[in-house]
Every structure is written in structure tokens, then in C-alpha cells.
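In the two complexes below, chain A is the common chain; its partner is chain B in one and chain C in the other.
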Partner chain A sequence: MRTRSGVAIAAIGTALALGLSACAGGGGNTPPGQSGGGSAGAVKEEFNAALGKVYNPSKAKGGIVKMAHEGTWDSLDPGNTYYGYSFNFARLYGRTLVMFKPAPGAEGNTLVPDLAESLGETSDGGKTWTYKLRKGVKFEDGTEITSKDIAYSVARSFDKQVLPKGPSYLNELLDWPKDYKGAFKEPDRDISSAIETPDDYTIIFKLKAAFGSFDYIVQMPMTMPVPKAKDTGTKYQEHVIASGPYMFDKNEIGKSFSLKRNPNWDPATDPNRPALPDGFEVQLNVNADDIDNRLISGDVHLAVTGLGLQQAARTRVLNDPVLKARTDNAKLQRLWYLSVIPDIEPLNNIECRKAVLWAVDRTSVQRAYGGPNGGDIATGMIPPSLGGYKEISTYATPGNKGDINKAKAALAACGQPNGFNADISYRSERPGEKAFAEAVQQSLAKVGIKLTLKPFPDGDYFTLYAGKPDYVKQNKLGLAVNGWGSDYPETFGFLQAIADSRTIRDSGNYNLSIKIPEVDQKIDQVKGEADVAARDALWAEINQRIMDEAVTVPGVYAKSILMRGKGLTNLYVSDSQQMYDYVGVGVQQ
Partner chain B sequence: MTAPLDVSGSAPETPPESVLEGAGGKSITGRSLGQIAWSRLKRDKVAMAGAGIVILLILMAIFAPAIVGLLGHPPQRFHEDLTDPNTGVPIGAFGGMSWDFLFGLEPRNGRDLFSRVVYGARISLLIAFLATLVSVVIGTLMGVVAGYFGGWVDTLIGRTMDIFLAFPLLVFAIALVGAIPDTAFGLTGDSLRIALLVFIIGFFNWPYIGRIIRGQTLSLREREFVDAARSLGARWPHIIFRELLPNLMAPILIYATLLIPSNILFESALSFLGVGVRPPTPTWGGMLADAVRFFTLPHFAIFPGMAIFITVLSFNLFGDGLRDAFDPRTR
Partner chain C sequence: MITYIIRRLIGAVIMLVIVSIVTFAIFFLVPRLVGATPESMASRYAGRTATAETQHLIAQRLGFYDPMPVQYGRFVKGLVVGAEYDTGTSVEKCPAPCFGYSYLTQQPVWPDLVDRSRVTFSLGVGAAVIWVIAGVATGVISALRRRSFFDRAAMGIALAGVSMPVFFTGMISLVFFSYYLGWTVPGGTYVDFTVDPFQWAYSLILPWVTLAFLFAAGYARLTRAGMLETMNEDYIRTARAKGLPERTVVVKHGLRAALTPIVTIFGLDFGLLLGGAVLTESTFSLNGLGKYAIEAIVSNDLPKVMGVTLLTAVFVVIANLIVDLLYAVVDPRVRLA
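Right, the complex of A and B next:
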């Protein structure tokens, strides 16, 4: 308690000081182009300066970028990591077959070849995918990277006992031999049914069934080449062999690590990475509020997890025009929503579900997540930067405040004119979800629907409570606060896991309420569809169909407040990373 | 109070008050220990101030709906238009404090902090009182039985107390409150939570009071009035309930008063950790937990924090005064 109140007092002190300096600075408008003092040059600090464009563009090399992390890295091993920030950062020390273009905004959401000479080629509608490798790409020790290294790294990532954390897309998509156990346990097994390497510069992936957006899968770090001779299994993350422009200098797992330039990286083989700084330093396990304070003071350049400022710093920064000018309000491919579970009386009646959708005051939900800076009011299940997004007006109300009359009419049509009682669950550790549940409770009370709040622990939410159909039915859990983010920036990677009813198991479900055969069928159509525009049209239909069924109340498309440390160059938010692009960033000397 | 008390309880030390009053010319009448303590307590200004605040807090809890109806807004109602939509900070100075909102507003949803603090008193005091009652009943019974019978009964109860005292209560409380479903033992919602907290806090705190009562009983059972009762053929229930318990009322009262504030703190700690009464029912600990994220807006944390502080302090002051009044030697 003592340290906390000490921090609070210190923070109040600084806030006052900053407020004063802000007043002093605001007195006269600084003419454009005038230097803010020091050698920083004429960088105009502006809110959202790194959204859709490059903040402080530069080609100057040198300097060290300092980053901080509020916890530990899930793993530095490219085959054992599953966080967005880690996918983003890993591209500094590793190269994949294809990668997201290091560019601001929507352009950053396009795939470009990296180790491969071109994007994947398929001749049979998406069942086999062939990549030709660039020649002369080397590991940090100077040996050349061949297709065998990539095949090996995919085969090693198959073993979820040794490398449990990485994505399992390739485990499921590729046509692995029967009972295959991965490259650690069966190093000599013939895996040519899944991956073939006819020569050192060709790799062919063979899938069980056609999959149109395979390039999105191979941009993930499990295709980063790992030299078999240097693979130490679970200990590989202590010394990852670099293929990108940087290699590990010091690496203390759980404390800190640093990257330095890789002398064997040849810019001629890599058209994508500017590799501006001389190195990176990452501190782990730094208190989250402390990271925010250090960002503000300029001690660190970037909060590496890219989740945005904590509540305390957020309030302070948004109230101060000078600090606010150093932030970017980035859109995330994340949706906070409410599952309206159609198995529970009286929500099994569509009119009662509609009453819920009509009654919820969406502005109240938006406030729960921090107002317009915390997210935009959602009207459907697909966030704006994904294919198939469309504003859905089925339940539009004036000012998004909800419509009590329409809700009451729906209640009457449902045969519950005086409302009903129901339970709403949320994850107790998440203040935003608690505020969401309280806001919904307030809204629905206006039409006579009385909600009881049911907080459950975060870790068991989907395995024991809201995601377990038996529990939901026994305890008559009608509403559940839910949230979902995309694995990779493509609609399939976002919506399939929460909309396909065939994924529903005995427990551990993320899809709590969308059980529509027509949607399942359209998802199958999407899988076989190679044309992007046709896929997007199908997704738009799916989105509308879900809303018609009134099984979810979309809350907000989430946004974060990212803070730029001092002295950064060439900084931008890419739609694929939904945070600052670590491949592009540089730093002033 | 019964007769033996006058014989034994105040006999060893001659109360100065009675001497003084005797000297004042009035006829010297024997007074009970309670009367003596009360006259001492009345002169202890600090203790009386504590008692006054305690009574005010109890009245505040009982009449919360009326107070809030007069001076505030329903504790659950949102006033979102009175907070900044971008930052969630209440509009106006000092967290939106005004005659309309005496303690200001909760950030983001704009709930009235005054009415939440007032309603929070209900939960805190209710749980603390009931839990104390449970502790006192169990503790007294166990203590008297152990002290009076001695031997293997004493050993058994003593070891049980040791086990309870060594029990990792906080961890157990978190696990139990988390594991119990929403409807159990015929109760549901808030009433189940309150019952659960009363059970946990009360049931595991009895050894403290039990040890004190056991010690007091050990010395009391050797006294002449107990011997007298025994030689007149009284059985053990009569001795325990008629002879011993009345003489134990003073320590029971004192330690009950001192147990209440520690129970309030424990309830607040559990609410702070999110295992107390469920939101949106306001609790002081729960409000503090919400306020932590908004530490740049101190008004949110100060009022529930002050409520806990004042309540605990005034119970402690009153309890200390009570102890001094019954037994000035401990002063």
C-alpha cells in the first residue's frame, strides 16, 4: 500500500507540473517548422500522427530502440509463440516465407514475399502451395538457408508437447503422415505427404483440403527457418539462430534481452526491412503503470506488447494536450460483445433476444471500454479493417442509445410484456467487462429485464463456465460478456472460431451463442473460395445473418491508445499488426 | 447481573468510586461491576466519541435508503452525461463534487459516490456484526467448556484452536467463495454471499476469543462461589451458565467490540480482492478495488477509504475504552 500511494502522489505531482508547462506552451502558437529545442529537428507532435501515415519519416541508421514489457515473453522461439506483438517483433530476427508489408495503415495489411521470391502458387485451387526461395539468404553463422531448414522448422513446431504455445494451423491443414509426432520424436520420418523439398530452393505444402488464404498462415513465425544442428528444443529460445537483420546479443530469459546487427544479413536479399536502428533492448517484467510513466518521460521508446496505455496514464494523457499529441488511437481487430444464448428460457424466443438488442444503450457500453478512444460502437460481428465489414443498421437507434419502445414491443411479442429475469456473466479480473455487464444491467432494467451479475475467474471462463454448454444450461446463464481478437488479419482467422457451430465442444468454447446451420454452410463456401471479393461478399452475408438471428449484441470495435516515446523515427501503425510496426521503426541519435 | 458477581468480581480491589461517593455523605450501597464500568466509561471522552460515531454509522446503515433519498441518488443509477465521454473523468472540480453529488461521481458511469458509501456501510456492518456474533458464540462456548473441564477436553479444544489459528484463512476464503455456486443452501445472490462471508469470517475467528475465555474460566473456576455452588450440589450446566458466564460478560463484550473492526477490515479485503458481495451492490472494499485503476482521480478512493478508516478507528477507540472501564489495571 505504501509504495502505491507514493506512486500516486508522485504521479499527481508530475501531472500538475505537466499541466502547468502545457499552459505555458499553449500561450503562443508555435509557428510551424520551428524547432522545439534541442537537436530533435522539426517533428510535429500530433494526435494520430502515426495512423495511416509515417510519423517522422527517416532513413537515418543507428541508435538503440528501448522497449519494455509488463510481463515475460511467451517465448522467443519462433515455433512456440502466439502473441501479436511477438509475431511483430520476431520479424526483426527471423524471416518467413511471406510477410506483411512494413507500411502504414491498410497497405500494411498486404502480404509480400520475404524468403520466397513470390507469394504462394497453387495449381489445384488451394490444395498444394509452392514457394520458390531467394538464393543467398544466410543464417547468422553464415550458412545458407535452404528449403530443408523451413521444412524442419514446420515439422518441429508440429510437436505441441515440446512447443505447446504456437499456433496449430499447419498441424491441422497439412496432410501429415498417420500418427506423426513431430521432428523431435521422429526425426527421420518421411513427411513428404505434407511438405516436399524437391531442391534446396523449392518447398511444397500439401493440404488435406483446399484452403484459399494459405499465405496468411505461412507468414506466421513457425515457418522461420531453424537449423536442425543448432536446435535445442525447449532451450532454443535461449539462443535463436537469426535469419533477419538482427541477432541476439544478450538474452536473460524473464529479465531482458538485446539484439544487435546480424553481419550475415544481406539487404540485397531483403527488400522489405529498412533495419534502421543498430539494435534493440527489451526489459521484461516492468510494472505496467511504470512503463507508461517511462514512455511519458522518454526513458523507453515503446511498450512492446502494444496493448496501449493503462487506465491511470490514459486519464492523465488524454487530459493533457501536449501528451495527447504523442499518442495514436489505433484500431484493433478485436470485438467486445455480448453473447445472447438461445438455449435459455425465454431467450430461446427470438423476440426476447431482439428485446435485449433493442434495449442495450450502446453508448453506455462504449463508455465501459473508455469512450470513443477505447472503441467505436459496433453494429456487427466483423471489425472495420477486415474483409466483409459493413455497417449493419438492423438495430440502429437514435444516438445509439437503445429504443425502449421497440424493446417493449419485442417483449410483448415474446409473451413477456413485463420483462424477465436473467443472468449475465463476465470475467471478474477484467474491469472493462465488469463495466460492460453493469451497463447492460442498467439498460435492460428500463424495460423490466432484471439481470444478476455473475463474475467468473478469467482462467476458467470458457473451460468451466460460460464456454461449457452443460454449465450454461444447468445454471440458466442467458447472457455472457465476450471478446474476440483475430489470430491473423483475415476474416476467417477472426470469425470462424466464434461463428462456426461445429466447433462447439463439451467445454472450452468461444462460440457461445451462434448456432445457425446457414452460417456453417457459408463458412464452408468461404474455405473453398479462392477469390477475395467473393469471400468478402460471403462474409458480409454471414455477418448480416448472425445479426438477424439476434444472438449477439456487438459492443465496440476496440481501440488502444499507443504512446510514442521520445525521439522515434519512421513510426507507423500497420493494420496487420494493429500496433507500431517494429520492422520499420528507427530512432534519432 | 447475579449475586456472586458482587461477592467476587469487585471484592479484591475496592473500587475508588464507591469510597468517594461514600465520603460524599450518601449511604454506601454496593454497585455492580457494570455500573462502575459505565461511570468510568462516561468520563472517557475518547471512548464516548468513538461510541457516538459507531451509533451514527449504525443509524446510517439502517436508514441508508432514507438518507440517500434525501441527499443523493440511487446507488446503482448511471449519470453518464456528467462524465467526460473521452476520459471518463467526472465533469467539474474535485471529481464532480457538488450539493447534488456530495462525494462526487464514479468515473465513467457517474454513479453517486455518496450513496454508494452510505449503502456500503450496510454490507460492511452487517457482515462484521453477524460474523462477530458467530465468533463470540462459538468462542465462548468452547472457551468455557475447555477451561471448566480441563484435562483431555481442554487438550482437544486447545489443539483445535491451534489448527484454526494456523489456518491460511485468506487463501481458504478466496477459494471457497470462488468455488461455491450461485445458488446453494437454499440461498441465492447477495444473501448467499453475505451468509458465506459471515460463516468464513465468523467461524475461523472464534479461537481468539475462545483462548481469552478459557483463561478467564481457569481462574474463575477455582473461586469460592464456584466451590460453594458445587458443594451445594449444582451440576455443570448450572455452574457454566449461572455462575461462570455472567462473570465472563465483561471480556466477551470487550473482545466482541474489538473483533468487529478487524472483521470489517477482513470483509473489505475480500471485497477488494473481488470475492466479496457481487457487484453492482456497493461495498467499501469493492469501491477501493475499482478506484485503484483510477489512482489519478483520488476522490474515488478517498471516500470509501475514509469510511473504512473511520469505522475501524471508532470501534477500536470504543473497545479500548470499554476494556479500560472494566479493568483499569490494563491501562
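Right, the complex of A and C next:
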């Protein structure tokens, strides 16, 4: 009772706060004492103004972009970070071999050379990749960046005891020497079986097996050069040596940091970054609702995590035309879905699984995530902006509301004409997942499938419960609400981790339902395929095969409501970042 | 008196040991009892697609394979004699009291605690001054002018203050005073006292008032009740009959007697507050101990949890000790032994 009262009071408080802030921001009154970004001037504000096009295009330099983060950065060390917003932001202070083109929409999903002169070249079908570096690119201290700095940065990121958080793609793909422990523990070990640097401007990566989309891997921050002499291991995050247009000015870990211009960055070596603002200020651990209020009032320019407005602000903003005109409904490469575990009786019978898929009212699932602004109804496991996407009609029902007759027929074929009992899990701290589970519970009840809701804490969801095979089997957990976002905007970076059954381990699994040998085999085929169209065709087959097996119920392809702070220029949502592209952004002075 | 203080301090040390064991068990032993393995616990601190080998390496580095008493012993040893930490490129000395390094940020915990304590202490002291003065003064006046308009209005406001949580009043005041009127600084602004005392006070005035509003209400009601009771005592009538000025009667004879329960509750409130004003710090985005505790608990960052729990316990113990000593000052009948 107390909790309910507290929530109600909080909701009223937030609503009132937003109402007041609307007076301050949306209504046109310019409150005194604001330090954010000044007026947006004569720019026409409209909904989705930064989707597929540039909002307020400008080449004007100067000003400081102010950002806020509701939590703590995982790490500013390019070898120890794994968040999309961090990958996006890191490109301001670091350069990688290749990068996503800073451009709006789909154009932003194409790779362009960055430190390298061209995209990777392979002469053996994707097993060896060579990059030639641009000359004259310097660290913030004026030292020229060489291939050895990149080789070192990759070798240091290998050590997951010291830098545990970064992606481990290069650990697994490269042909490292046997029992290699990384650059910290074995600084003098010969790693030429994995990386060769025949000269200062050439770096060659040698893989264990062909991997066609290697360029997508080396755009990640672990290829940002790190000067060995300046590396301080776990403390490197306190002062990352910049190779991009900005360098760290102040850095108080867990509180705030700021970037200023890097005097040794030469725009002649960098055709991609306009570097419009004079700097960036990022405040950490700011109350999430307060960030929304400050975006509305103009006190901050951007919410750096790019997750979109909180529920309280979202409702208020979308119902106010003035405020709504300052937002963008960005599509994410994120899928909310339901795992249907085929190890649990009677879901080990495909007909019973199909009954679940036929019965679910997808519109109620969409409502669970905030309606059309929260996401589009999903029909498969690949979000629309990724290769291999196509609308799958295997379980299409009128109005997406489910088909009770087909569900009952499938139940009869399964030998459970009156339905059955099962458990459905979700993360208790996530209201969307709870609503998803409830929507499924109500849908399935119509055909006699009685679900018991099983909430588990977020932090232990995968390690102790829904991602632990022993627990799932012992407790007969048949259905689990899940969500997944791409590591990088290519289908391998999205689907492999949740579709390749060989990644399943004792605990900490994100997938326990897709265990299809044919899918595993096709993923291997994708890895060795250099041709993009052929890869996409294989992904489409994989997607269809997963749906045929009825081991997942796709829920929604997620969308977010991003809000533009006041005074921003050159702002756009890039398909690669799925949020505002921080490389392109500028600010009016 | 000295014997009393020594006895209390010994008791405090024993209590801190118990608190540390219980906290350690909650975050380490309980997960193991419900099936967590060293690797699954380590996976919390790894990247999201960490391989089994990565999980193993992290578990190894964090010492999760060691028996529980060894892990606890290592923590205690760090507190007493310090510890060493391998940064990858060098071995760093973490001097006593070493609460270890955050599993997530890989930063030493103790400097963080000291740093965050400054914010929480600043918030707590300022708010306490306001709520004690405002609360006690309102309570006294209300008691002396019982059933007057002031009394009814003050008690009505006090009721509202007690009823409205900080995240409500804080968010409203932040939006109105900071974003709409621009009179105060935005959330997340904190200037250290040593840098600029004026800006320190300016940056904290809104959190102070918001937090004080919550507490002052309770103190006003408590003071009013105490004063009403005291002012009807025979010795008050005697004091008045002796011809003492009304101010002396109220302050020296009435308020002093009514203060004992207020001092008691103040000790508890202030001690807990120094352990972190969780809601106020979260609402105003102040990086104090309360926010630190929340971050630590949400992310299962044990060294941070242990640090903030023990520090809070220390604050509560010290605050209560001071309160007990103050009893003797407030009420001469109390003798500590």
C-alpha cells in the first residue's frame, strides 16, 4: 500500500513538474538564468525533424554541448566499454580503423575509412584483413599514430581480467598464440599469428577462420590506438590519450567529464568529423526525470545514453504539440520478444509452441511498450534496418490480434486440447516486460493456457534464473520475456549471440530457446561469406527457420522518443547509432 | 564519563564487525546458497557477451574461488593494513583503510567515500540547521499560541511536510525555482565549501530547504506536543509565580525540558542522514553517499556496498554517542556511567 501511494505521489509530482517545465520550456517563455544552449532561433521545430535528414544544418563552430547521463559510464577506456552510446561518443576522442559515416538515416549505416585509407582488404576470402593507415595522424601529445599503437590496443583489450567489459570479438576471431594472456601479462610475446605490423602504416589481422564482415568489428573502440608508454591499465580511463578532434579536459569518474579541442588533431587527415562544438560537458548520475525536465527547459542539450524520454515525460511531451515538435521517434535495432523454451513439457511439442504463437495478441504486446511510439509489431527476429530483414507471415493474424481457432487447433494437434499450465518470467524492475508478460498471460488464457507470472531481479535474471539452463529445467520455466539490441548495426552483431546455440553455457545466457543445428550451420556459412547480399539472404533463411520452429514470439521492434535540447545544430539520427550522432552535432552560441 | 565513552566505542566496534559480516553474507553467501557460481557472479562485471573463459578470468581476479572466510578475511585485512591492486601495468598500493576497488569502475572505494561524504555532510548539516531552528521555533510558538491561526496553519503545513516525500517536493521545487524562475542552480550542481563558501550554500539551498521541510514538520509537531505538556507542569507555574520573565520561563524551563526527546530523535535522524539522504541526493542528482549506496546495490558492487554500509554504521554510532553525551547537558538529572 505504501509503495502504491509512493508511486502515485511520484507520478503526480512528476506530472506537475513536467507541467511547470512545459511552462518554462515548451511554451516559449525563456526563463532567466539558463545556461544551456540559448534559443533555437528561427529553426522550424517539427516531429521527426532529425529522422532521415539533418535538423538545423550548420557548419558554424563553437559552443559547448551539454549532456547528461542517468547513471555511470561503464568506462571511457576504449578497450573496456560496451554500450552503444559509449561507442557513439568515443568517436569524438578516438579514431578507429573504419567508422560509420556520420550521416542521417540509412546512409549513416555505411562504413567509411577513418584511421585507415580504405576499408579492409582481404585476398583470401576473409581470413586475412589488411589496413593501410593514413600518415600524419597524431595523438594529443603530438606523437604520430602507427600501426603498432593499434596492434597494442587490440592486444591489451585481450586481457579480460584487467579490461573485462569490452566486446571479445577479436579475442575469438584472431589466431592468437596458444594460451596468450594479453599485452599486460605478456608484453613481449610474439603475436604475429594474430596481428602483423610490417611497417608503421600497415596492420594485418589474421583470423582463425574467414569472417566476411570484419570491417564491422574494427569500427569498435578496441581498435582505437593506445600509446603503450602512456597505458596505465585499469587507470587508463582516468586519462585516455586522444586521437580524435577532442581530448579530455576534466574527468571526475562517476561525476562528470569534459572534452576540449585536441590541438594535434588535423582535419586534413579526418574527412569524417566536422568537429563543430568547442567542447562537450557530460554530467553523470543525474536523476532520469530531471534530465527530461532539463531537456525540456533547455538546460541540457542531449541525454547522452540515447534511451529516450522516461515514461512520465513521454506521455506529457507527446500530448503537447509544442514539445512533441522537439522530439524524434527513432527506430532501434532492439527487439522485445518471448522465448518459448522447447525443453519444457509440453512446449517440447512444436504444436504446443505454435499454439502460443497463434494465440498471442500482438497489439497488446505493442501497448505494453507504449503503443506505436514505443515500437512496431515484430514478425521475425531481425529488426527492419538490418540485412536479411523481411516481414514474416507465418503466424500472421487479422489485425495482429491473434487467432484463437488456429491456436486451439494447434493445441489439439499437440494433445492438449484444453490447454496447459506454464510459467512466464520477466525482469521485475522493467514495467514494459511485466506488461508484456501480462499481455501474453491474458492472450493465452483465452485458449486455456494458464500462465503464472515469475518476476526475477534484473541483475540476476540471466545468471541465476531465465538464462541458466539448470534452473529453467528444474523449475519448468517455459516462457521468458527477453530483449536484445545489436552490438553493432550488422545482422551478425545482432542475431548471432541469441541464435547460435553453441554460445549456450552454464549460466548467463540470453538465449535458451533457439537451439537449431541448421541455424548454427548457416551462421557458420554467414561468417565465411564476404558478399553482403549473399549474407543477407542467409540471414533471411535463418530468420524464417527460427520462426518455423516456433521457439520465439517476436514482440516489438523497439522505438524511442528522443528529445532535442535547445540550440542544437546539425543534428540527426543515424541508423548505425540508433540515436543522435554525436560526431556531427553542433550548437548555437 | 571516559569509561562510558570507551565502553560505547568497544560496543561500536563489535557492532561494525557484525554489520560487515551480515552485509558480506547478504551479497556473497546468499547468492551462492541459491545456486550462483563464481563464474555467474563474475558475469555481472563482464561485458554482456562474455565467454565462459572471460567469466572464469574475472572470477579468478576477484577471488571468488576462495572460501568465504578467506574472502572476508581479505576484506578485513585491507581495512586494517591496506592492500595491493594490480592495474595491469603496475601494482598500486591501497593504504588502510582499504575498502577495496569497485568491481565495476575499478576505482578505489575509500577516496570515493571520503569525497561523497563531503556532499552528504554538507547537505545534512545545512538541512539540519534549518529544520531544527524552523521546526523547534514553530513548535514552541504553536504551543504558546495553541489553537490560534498560526498554530493551525503551522500544523497543517507540518502535516503536509511529513506527508509529501522529497522526490515530490524536490522535483516541483527544482522545476519551479531552477528551471522556471532561474533563481537556483539546476540539479547536480555542487560546489565544495573549500572552493567557494557562498556558491556552496547557493548550490545547496534548494536541497536543504526541501529536506528540512520534511524533517521540520516532524520536529514542529514533536516540540509542540512536548511544550504543551511541559508548560502545564507545576514548576512552570512556580517559575511564573516567582516573577521570572516569560522568555526565561519558556526557554530555560519549558523548552529545555521538552528538548530531550528532540535531541534523541535528532541523533538518529542526523546519523542516518549522514549515511546518505538517498531520495534527496537522487532527486537533486547530488553525488553523495546515498546515491553511491543505490548505485552499489543496484550493480551488486560489493566493495562499494561494504564501504557505504560500514561508514553509515559509524555515523549512526557516533551521532548516538554524541546525543547520549548531550543528555547530560540538556537534562542535569542524567548522569553517564
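Simple rule for what comes next: the second predicted complex is superposed on the first by the 548 of 589 C-alpha atoms of A that agree within 3 Å, B and C clash if a C-alpha of one lies under 4 Å from a C-alpha of the other, contacts with A are read in each partner's own complex, and residues count from 1 in each chain.
Everything below uses one rule, namely that contacts are C-beta pairs under 8 Å (C-beta built on N, C-alpha and C of every residue); 3 or more make two chains touch, one makes a residue touch a chain.
Because the structure is a prediction, the values reported are computed rather than measured.
Enquirer: Would you sort A:364 into first (chain B), second (chain C), both or neither based on which partner it touches?
Expert: A:364: touches chain B, not chain C.
Enquirer: Under the stated touch criterion, which partner chain does A:505 make contact with: chain B (first), chain C (second), both, or neither?
Expert: second
Enquirer: Going by the contact rule stated at the top, is it chain B or chain C that touches a larger number of residues on chain A?
Expert: Of chain B and chain C, C contacts more residues of chain A.
Enquirer: Between chain B and chain C, whom does A:438 touch in the aligned arrangement: first, second, both, or neither?
Expert: First partner only.
Enquirer: Can A:253 be said to touch chain B (first), chain C (second), both, or neither?
Expert: The answer is second: A:253 touches chain C but not chain B.
Enquirer: Does the superposition put A:136 against chain B (first), chain C (second), both, or neither?
Expert: After superposing on A, A:136 lies clear of both chain B and chain C.
Enquirer: Determine, under the contact definition given at the top, whether A:166 touches first (chain B), second (chain C), both, or neither.
Expert: Second partner only.
Enquirer: May I ask you to decide whether A:468 touches chain B, chain C, both, or neither, giving the answer as first, second, both or neither?
Expert: In the superposition, A:468 contacts chain C only.
Enquirer: Who does A:459 touch here: chain B (first), chain C (second), both, or neither?
Expert: second
Enquirer: Quick check on my understanding: which residues of chain A belong to both its chain B contact set and its chain C contact set?
Expert: Overlap of chain B and chain C footprints on chain A: residues 12.
Enquirer: Using the touch rule from the top, collect the residues of chain C that touch chain A in their complex.
Expert: Chain C residues touching chain A: 31, 34-37, 39-41, 43-55, 57-58, 60-61, 86-90, 92, 101, 104-107, 112, 164-165, 167-169, 171-172, 174-176, 179-183, 186-188, 282-285, 287, 291, 295, 298-300.
Enquirer: Could you pull out which chain B residues touch chain A in their complex?
Expert: The touching residues are 76-78, 80, 83-89, 107-109, 178, 181-182, 189, 274, 278-280, 290, 292-298.
Enquirer: Taking the touch rule as given, give the residues of chain A at its contact with chain C in the complex, in rising order.
Expert: For this pair, the touching residues of chain A are 6, 9-10, 12-14, 16-18, 20-21, 23-25, 29, 31-34, 68, 71-72, 74-75, 82, 156, 159-168, 171-172, 184, 231-235, 237, 253-255, 283, 285-287, 289-290, 293-294, 296-297, 299, 459-460, 462-464, 468, 470-471, 487, 497, 503, 505-508, 510.
Enquirer: Considering the complex alone, what residue numbers of chain A touch chain B?
Expert: Going by the criterion above, the answer is residues 4, 7-8, 11-12, 15, 310-312, 314-316, 318-319, 363-364, 367-368, 370-373, 423, 428-429, 431, 434-435, 437-439, 441-442, 452-455, 457, 475.
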